[in-house]
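In order of appearance the chains are A, B, C, D, E, F, G and H, and numbering begins at 1 in each one.
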């Protein structure tokens, strides 16, 4: 039961559209629900939506398709929205069996199934990326933020070696309420962007690169050492984390 | 000329308290000002307040007291608020010579001199730290956020080895608009806090620890790997960065 | 000849159930046995059971199925209990040829064949893990401790992002004699658990995670830096080591 | 109120030596006591003794002598035993002002002040070290385990380059209930010791060495990679952690 | 005997200003000179000027003032130009004793003594640095390149967080024949500069920063991973290396 | 429109071979062209040739064959020269579909398609490599420099363990205008070469080696620590970067 | 022409078995031979046997079977002994085509073809290894030392967790002239062996292990930090290097 | 009782110069001597000379002057030769009190006191170093090898940037029986030397350098990755280890 769900229900009571006793039943049922479901190999944190505003998200990495499908089924059965990240096509096949309407986003390697109402973010989240190879991570941020109720704008392939591509988009930069910047290799883009805007920048390093990019460590270090203000960083390739942090900020 | 400065000026024009011609002069003067001042060894970015809502901040580390004082003088001369981080008492002596009213915060190792009006943050920033040794970094975050116009609440020494100290403060946790969590050693506190709140958590690792804390790297890695949602991280011991990111979020 | 074997034999002598001469023969034979068997490519340490209370365990990693089967056969032939860790299904096929009754534990990737009597551990070993993906390592600890004569309790998927899942199980936590905590990513769980219990915690970092989890190094560092008392750590993914250490403690 | 304290009190009630009402008062007072004391810069976890069998221990590193003395005073005032590790002589001077009877152990760099009764460990803890330079860390383990109620045996300077020094002490090795092995440089000693005994080995790497000892990292890695069973490891130079883990095991 | 020395000498022969026999003597003397001078603790590579166009340079780091002075004396005695880098004031005192006219450059921590003629570089070397704290390294590059015969232009404190400071200097950027870019922290400046110019960029990372700047490693990695073309990198804080490489390029 | 293109055009105007109006049209068309082309997943930096003397180069790594082909087609359509590095045979198949005349260089793993005129480099670039396994990286440098208009000389398999192989080629070493040295393992070759020549050395570490070569890090460190003057370094296996830097130098 | 070849030839001259003129021809031919053969992609160092006592050895890693076969053919054609390390079965197939009599050693992953006479080593080289998984590296050392003319003794699977297996072989340890010790995981064996013998120990770390063995780095560090005297170390998995160093020592 | 001591004694018996009974007494006394002396903080391994040919050496690092003097006194009292490495002048003062004739070698930071006869090494040990700053480590190797009975030749400051300084000394290189090569920075010298000689090379990396020399790690890696045969490596700055290994080889 999300905050908007509760809000709707109470308004319907006030407006006479719902009987107080029926409303009481529904609220009581939600309260009675255990805050987790024990599947043996997993304890689904069904309480998370209440605590954090969005249900538990499944990280597909290191789980079998069957495990993912079983957890997904339980989340959907409770009326919550589903998000699976790092999902292989095989995982999608398994999930689709359990959750027929689930959707697959191949660029983002994510599965979603939206239900119930979600509180809308206040402004636009701008997702910026440095190069074409950063696309999967950027798209994971996009899908995450979108399913969490945010309006998204994309600005892709504007790496610092050709600054004019970024400087040409000042207007879109200035109109965002929070910016997610995705970059691999030398990871300089968040510093440059944060020097141009007045809003928080969430930096997402990617593993794009070779040699001493060390799988994204070089980009991560650059972002943590940023000489610009208002930059905070998430794990390498963690598009989900970037999108989620941006959504929390955009919902304030 | 901050946004509130401009806002005041225009309202005074509308209300008849200020002659349009005089207002025009002042705005023209602000526009005419070069966006940086060249001191030879430094180009003070006097334009930053317009671009980012707060003037350039001086990182004391690696600069001589004389260099710090010279840059500080120039910032204050332009009517901007001063913040020097990582300032030694020697640096403070030099700055006080150039900026008589400057204040020193020994716990935070920071110098401030506030002037002009600053836009107030919307809610409260809660600064949490894990242990007594993390205090200097936490205080740097506090001083930074305070000078940028935010209301601050402190919750110190609530490390995960004695969880009841944190769980006893649920109310303060829930009433913050953004939380800055400062921790060294195993860096677990941001994950636990982020599991309890619905707002963004800015995690600041500290160099507190020994052996394989590796000067804060262990805490940093733990925070970047957080299994909780809504955590973004700044550099080790970067209390300033944490406070600044929190302030940007709290001003949205 | 395990300690309980010897104990049985001597009691049977005292009780008249065994002739002293026959007993002497058996003991002499055990003494005469060389403390290792040379297979050319391996010197099976057949003496280890006497020295350490459990026979030599075969680490499957880096050995061919044929090598594993040959060593396994020798251990079983001496009447000792067999444990092979990191065993592939191919290794199991080879072992089953040499040791028909051998059992495979796919979750734990382990082969066992129990024989003789084993001294029972005093209390219960609680095996806790943070997420579903840590399961293979947790199960390796379980199989190891079980074959060494311990009673096991499992508490899975109770990571710190949803603390209530752990706090709901205080009773099971308090009733364990030793706790094995298995976690990847930020590795915070052992610190939290050790803050709640009075018994030793053996922490097992796992390679679960991505980016700067660095294959489990982040979790390992967090565990070594634990601010809680009574935590000691084994190698990444070393469920065997965790189970074995817990068994030694539980047999005191 | 330690377990033995409670035990004494209840026996005195049963034996008529204490009035039930008076006993009830004392227990109620202990229950009423807040589980932590807020000093502003520190929240002393006064509840830890109940939860973990030993009061909060002060890590001297990174705290001022005045902070240490203030926390120490509060712990002693509640009738609990004091242990400060990594304490400089200056810290001791400050503590002695607040806690007159406090004792300083210069080799171990520790301050202690024992009061109340402590539950005795079951057997002997053997503290082994590889070289003379490892002595401060070994002594920290000794002081820690001693103040927690354990009988200690020391076996120093028995590094693997002269194995006969260790092999000559088989009897003492065999009579320990738990062994703490302290070693720097190549860190091989815990593996060798664990191959000779049947009880748990707590390995403490030290920063002794130069070049690629990397401040103890080489020894730590060797210990985590030990080919012997029954070895678990604590942080580099963490004599306290080694002594504490050994004490928990020895109290089972 | 530098190339210009030889050139002068032969022109003077052609022009009749020098007797062929006298010229032959001088050339023979230069040829006869051993290619190194053995001081016991050092073999001064007196031949380097012939081979590489500039005499051996003394790295002051790790040498005693007396050793530096002895080597310096030998180089000057052979008529060659002296450059000592990483020279303390104490080293300068010792050198001045042996080489009276030697000059000290405190910002650059360098000693120079020029003699003979040096071939002039073709164009201007532009030395750019990101922040005030990078100044010592930038100045080392400047002194090095200057003593090697190059015209220098300085552009300091133009870090990427305030891009307009750099973009305002397009003309100076375009008129350089080679650019040396000195930066610490996130090390993004060389990428941005290289995206704006058509000439080689020599990137010099500095140890300016804290936390995960890792003493300049973060900046180094960023520079090696640069997405811009035409960037090559030297060691951290190696202003000499940067200036020397730029000089070699500028002399082509 | 490259510099030589413009040069040709204006000479043809001066010589009467081209009507001023027609020339003006062509120039205007080039000026009118947007400085980048937005393909959605990529913003092709079509302006780079003007800014940097060579069109944008496609790094094949991490892009799909279809993405590579689409970008390649756009570059060629604008009359620019194509270079794709790290191109698989599959990528070549895709590119050949879009750019029929494209050529594949299997040793260098590169695709090229030259058109228009290119400014010739002044001297010869000598590409040296230490061993046979370094060949792919050396060839990438060769193809890069060749397509950029340089004359190339190759000197392969002259590692320092058999110095005579290098010393036998003094003449070729001395006649180069810039030297690219490619080496893995201990990476000593650039230091030795730079000690023998008077021109800039661009060092390219390779991932050739095993164990503590750490994928080329050992070679990279050796090159950055070179005791010889005039060495600058690019990323591991970055033959393109080495060739490109050499070409920029050779075009001065 | 090896030293023994030359020795034979001169003795045959002295003994009248060979005509001085014929001998002169042969020596002249050897002298005339160029010190390397240029294959384009490789310069075979045919002079190495004269300089170092053994012909150039081919490291199979990173070379194609065709490249290996071409180099092998050239070495054999000059009458030299062939050794290829890290050779796949595919490489062997290619080599066998060019050098029909070549032999494959699958355990050691090596190809050999011996011809000419080789100087015999003075004593026995003892190759010791810690576990069965270290066998491929130990065998590479054995094959290398054997083809270089040494007598070998093998002592396998004597890791420090069961010291009695090693102590039982004191006699073989004492009768070696040089010992090669091969170990992975914690790498303690060389320290223990060097504490027992009087001769040089060449330590070879292997990549055997998992988690924080870091592919052999833990073992390498342990060996470099050995508290025993007379240990020197080669690269991880470098059985060839260990065997070669031992052979050079054994030939003194 | 060294081997030469025993040899002398038995020859004197054979020659009638010593009574068999008196000889027996002396041998018995040596045998009776415990193999170590327990000083509480140290177990002096007095047996090491018998086992390894040289008495226990004291590593001064991490020991107090008083501890060093006490151990030194015991070694000298047993008639053994003393060697203390990494000895400060303060340590020397303390040792001189206990061992009046002890000698200090300031360049090598070592204390020696020779007594009894020592077996002479067979040939000459050549100690080579790359630069003047490597001198302390090279001298530690020299003092170590000298006190162990070897003839030494020194070849200093012959780094690879000026190869002719090394090539000029071919004769001395060829006449050594074993070569110790000491180098910091890029650590290339051992590879070059090993390519020129036929005898074992013991490589000693030093911490000379800055930036990415990482305190000698770069040099160490280069040496372990050497493409030349017959190189084995000891710890960074371990001149003692290099000298000791060379002495063991030279005594074969």
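The rule we apply is simple: contacts are C-beta pairs under 8 Å (C-beta built on N, C-alpha and C of every residue); 3 or more make two chains touch, one makes a residue touch a chain.
What you see is a predicted model, and the numbers here were worked out from it, not measured in a lab.
After Cα superposition, the angle needed to carry chain C onto chain H is 180 degrees, rounded to a multiple of 5.
Centroid to centroid, with C-alpha atoms defining each point, chain A and chain F lie 40 Å apart. For the pair chain C and chain D, the distance between C-alpha centroids works out to 27 Å. Look at where the CA atoms of chain D average out and do the same for chain G: the two points lie 51 Å apart. Across the assembly, chain F contributes residues 131, 161-162, 195-196, 211-213, 217, 220, 224-225, 229, 235 that each touch 2 or more other chains.
Pairs of chains meeting the touch criterion are A-B, A-C, A-E, A-F, B-C, B-D, B-E, C-D, C-G, D-G, D-H, E-F, E-H, F-G, F-H, G-H.
Taken together, the chain A residues at the contact with chain F in this complex read 131-133, 135, 156-158, 161-162, 164-165, 168, 208, 210-213.
On the chain B side of its complex with chain C, the touching residues are 130-131, 159-163, 185-188, 191-192, 194-196, 209, 211-214, 217-219, 221-229.
On the chain E side of its complex with chain H, the touching residues are 35-36, 40-43, 45, 47-48, 56, 59, 61-63, 67, 71, 86, 205, 207, 215-217, 220, 235-238. Per the touch definition, chain C reaches chain D in the complex via residues 51-54, 57, 122-123, 177-178, 195-200, 202, 220, 224-225, 229-235, 241, 244-245, 248-249, 252.
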